[in-house]
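Okay, so chain A shows up in both of these, paired with chain B first and chain C after.
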Partner chain A sequence: MRGKCGLFFTSYPAEAQVFPSGFQKLMVGLFLLALAAAPLTLDAYLTSLMNLIFIAVIGAVSLNLLTGVCGQISLGHGAFLGVGAYAAGQCTLHGVPFVPAILAGGLVTALVGMVFGVPSLRLKGIYLAIATLAAQLVLEYAFLHGGALTGGAGGLLLAPPTILGFAFDDEFRQYYLLLGFAAAALPMVTNLMRTKYGRAFVSIRDFHLSAEIVGVNLFAYKLAAFGLSSFLAGVAGGLWGHYTGYISAEQFNIGLSISYLAMIIIGGLGSVIGSVFGAIFVTLLPELLNAVSNGLGAVFPDIAQHVVALREGVFGLVLILFLIFEPEGLAHRWRLVKAYWKLYPFAH
Partner chain B sequence: MAYLDICDVTLTFKGIAALMGVSFTVEQGTIASLIGPNGAGKTSMLNCISGRYTPDGGASGPCRISLDGECLLSLPAHRRTGLGLSRTFQNIALFKGLSVLDNLMVGRHGKLEYGLLASILYRGKAVRQETLHRRRVEEVIDFLNLSPYRHQHAGRLPYGVRKRVELGRALAAEPKLILLDEPMAGMNLEETEDMARYILDIAEEWGVTVLLVEHDMGVVMDISDKVVVIDFGQKIAEGTPEEVQADAGVVAAYLGTENAAFTGR
Partner chain C sequence: MEYYLQLIVNGLVVGGIYSLVALGFVVIYKATKVVNFAQGELVMAGAYVCFALTVQFNIPFLWAFLVTLAFSVLLGLGIERMVLRPLIGEEHISVIMVTVGMSSVLKSLVQLFWGTQIKVYPQVLPTEPVVVAGLPVAPVYIAAFVLSAALFAIFSLFFKYSRTGVAMRATAFDQQAAQSMGIGIKNIFAMSWCIACVVSAVGGVILGNINGINAHLGHLGLKVFPAVILGGLDSLLGAALGGLIIGVLENVCDGAARQLLGLGGVREVAAFIILVVILMIKPYGLFGTREIERV
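Let's turn to the complex of A and B:
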């Protein structure tokens, strides 16, 4: 590396890059290469975990766009994933190709999300949270009693996704499909956040009175936030439904909504990389608890049952600890680590 | 017709009258000050102009608030920026999570014309417009000496700088009329003098009409072309600083009169 004591820009577009330095670009490239090569070394089980993480990343970044960036709390995000799953599932069952079906699922979810976003013009904070909780319950009811559209309590059985005759019918093939969707979603949200839409969303979150004064149409932009966020949630839901091959109403209950909220709180509100960290953390936490209980099981034979029962409690405990000790989430910790290594080994 | 024409504005909240039939005008390119004791209705008047409050009667009847011949009352608050209106707030209302640069870029929100797709892909028009408007925002940054703080989050700045950023956000919209709600509140002498210089430059060099609400009488009397005094929601005087200072009603409103009944404890 050439020795430079800082990054200097001679044009505004150069400064506006997401990864301004050559080193960062190299690291991102290497990381993507490593991700592409990862299935060669992972077994089917670990690959399935990666697949769940990719889906969670899309879902978490979509909720972060709405709640973290625009400040509109949603407790109905799990149900929005469900809308996308059912809509995309119905499309593929009726012979629509996979990618258009996923996008159609996203569009349907965007419409549903915007309908449930209408109260946000009047309701803020905890009151909006309750209104979106109502959306969650209404949609859950609709999933269970949707007749042929949702398959009722029996759910829907879906074939594995097929693109141009190529079937993604095992974990390894699904891996590349889901990696592709996640790798497409993240730059889109990043771009959105550094242009006028993202700035308008943050202005609504930080001070809606002055946002209105600078010319942001509060209602239109809040609805846009609900629409964009729900679109991505619908895509995540559609991918999830086709990944598991089976959709049922219980998948999309309030617990899912809360675990997505947990992801963005643990990861860091309003941060794209935070959404990724949160999705990884919350997806792997149960696995970690399993590993701990299995490890302890050798010493204390009964402990496995207790740890399983404790899982929800540990989840809640982790959430509270994060709120107390790391309120800005893992994204903040990541920034501190980067700042530390930037100056290493000289602290000044 | 005057540039900013306030005509018979009344604002009541369930029987409490904040403004009662207030009328005044501001000529283009001048600095007008709106003064009065606490609770007189100064900020309520700014809120009526900027669209936070709607005066009684709303958009019906003859237009009560017009800017350059265009009626403001028929427009929602977020569309009034397009007519060249911007304002600052008494209590700092910056977007804490955005950098100073982004705060100013939000100030130009209405001028950025690209669609959602360009924004998501960050291609073509989005990049060109971001660069173009960044250049205009940099002019404001230079004018207000904000360059050391460009990339800092607004929430972490000292008070005096935040006040300047707020002025910058209003200026970034390239307003024709700027409403300043106590820009000198809580500032020391040096910061006050800087701010007064900025306000004079805004009016003289940028040609922006200024309507100022301020309690620092020294500043008000020094830089204003016109002073409007309101008390308990009613206009009690209007004129040049000298005329207003000589007005017996104004002195009474600020200092009381010798024979006023003692109504205290």
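Let's turn to the complex of A and C:
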């Protein structure tokens, strides 16, 4: 483990802690307090950005579990979010309370994800990527032509989430709801990576033959990775659907899958904190571009009509630059920054 | 019956385009083992450049076409040198994602320069249909088919007999052995990207002549996957046949679903359902190299 200079442990449980030093625990506590207090100082627009980030964090961490930790490339994650959104939406439309509906959406998505994970038994690398691409396009078609189940091209209209009679009907209330879900998902994945399952996933990613030789049942664990990852993706999708109040097939296109992959690559493959960084980066990138184009609008009046085209191009460019110059993502940069300050001012 | 015959003929024409795009894909995969998700955008770039030259700069079509090919060579060189070479030896996911990023960049550049409106090519071929096997077919379709077939013949001969072609096959077979025999691997990689870009540009120009071009042309790149998986990822003949078969199959499925089930839009998804089936029963396709490995 990195970053443990000056820490000395006498037992394995102490060594395996997520936050081994008191300082780290303090900082995490302060960070959570700051997050809880943040809406007091933010306006509705910034709060809505935070809400989108929370949803993206859950989605990104779920994809990172499958692709970053277990090494199974998925180009169909956007469609898995969609399955969760439609399933949870149908549940609440039929009177199921919010939290069970979201969990049911997650379970349905886990089943669908496992069905599409079955080819992973035979397919690896690029073949699996192409198979999940097919899953994405087939599911997109199903969303659009699903009849009453998906509302077809018209989509589904959903009421704001309600828990025990309390309606989360504005941005600030949604903020706490989504913060709660994100704050539950991150420790879940962090801890999962420290269990037998997490270690098996890593061994499959690193070399499938050695994993099999040390007794990891490849098929079962790959399916488990698809199931767990899709469950969280479904939860993220359900939350997203209820957050926007409207589900349409276009939301869950191949572009969404790609932006989730971009999140985990920009953030750092196989790293939970990296998923968070990536989700923040990719969610804020379009907003940053909008701000820049508004600022430049006075100088170049035509820029506004090109923003849509530019947005995608800048997104692609950022992705390429990260892959070439920072292949380990923002999580790596974060470690370097922490290591620098740990020994400051004696860097060597 | 005539309905289905017409579907098959249309499918063959679309399939011819798929074959061309798939050819570019296979050339890259064969030599460099890079799965190119930006193939459709390369088609789009070629189509738009040729459009700009003929319509906006009023250059005669033939010259515009040649300049487009020259541009594609430069595009291929640039992409290989700046984007792909730094990633040699990286994991699959990095290489896949870098081509995905490249497709976004190319798409956005095209939108920036030409907008999202559909653009129509000037008519270079007569529009009166020619009767083939009792069915009316537009001359541009025939030209497309002939041109695709000619390109395949040229490249098959190129790979079989030319010095460079043999060097490319050697590189595909074993990079280290090829390098130790004095083959410049980097040149081969650059060469394969050039060929892929040129072939894609030809496909783009043909498509532009058939039904105009718009900024969503890049979706064509996704249709390449069923074609190359059916043919086998690293087989030229496979790409040719795979493209044609997928073109026909998706057209017939679409037509049948429309007529028998009253279901629209099957065209978009039929090829991918076929793809999943192929992957399940015969993952190395019709002519692909079998990798003996138990997963």
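Definition applied: the second predicted complex is superposed on the first by the 341 of 348 C-alpha atoms of A that agree within 3 Å, B and C clash if a C-alpha of one lies under 4 Å from a C-alpha of the other, contacts with A are read in each partner's own complex, and residues count from 1 in each chain.
By our rule, a contact is a pair of C-beta atoms (placed from the backbone, for glycine too) under 8 Å apart; a residue touches a chain by one contact, two chains touch by 3 or more.
Everything quoted here is computed from the prediction, not taken from an experiment.
Residue contacts after overlaying the shared chain place A:196 against chain B, while chain C stays out of touching range.
With both structures placed on the common chain, the touch criterion links A:98 to neither chain B nor chain C. Contacts of A:124 after superposition on the shared chain: chain C is touched, whereas chain B is not. Contacts of A:211 after superposition on the shared chain: chain B is touched, whereas chain C is not.
In the superposed three-chain model, the partner touching more residues of chain A is C, compared with the other of chain B and chain C.
When both complexes are overlaid on chain A, the residue A:12 reaches chain B alone and has no touch with chain C.
Of the two partner chains placed around the shared chain by superposition, chain C is the only one that A:323 touches, whereas chain B remains out of contact.
Touched by chain B in one complex and by chain C in the other are residues 218 of chain A.
Residue ranges on chain B touching chain A, taken from their complex, read 50-52, 76-79, 81-82, 86-87, 89, 93-98, 102, 105-107, 109-110, 112, 114, 116, 118-122, 126-127, 130-131, 134-135, 169, 173. Residues 35, 83, 86-87, 90, 92-94, 96-98, 100-105, 107-109, 111-112, 222, 225-226, 229, 233, 263, 265, 268-269, 272-273, 275-276, 279-280, 283, 295 of chain C are the ones that touch chain A when the two sit in their complex.
Residue ranges of chain A in contact with chain B, taken from their complex: 11-13, 16, 188, 191-192, 194-197, 199-200, 202-203, 205-207, 209-218, 224, 228, 270.
For chain A in complex with chain C, the touching residues are 67, 73, 119, 121-127, 129-131, 133-135, 137-138, 140-141, 144-145, 208, 218, 254, 258, 261-262, 265, 269, 306, 308-320, 323-324, 327.
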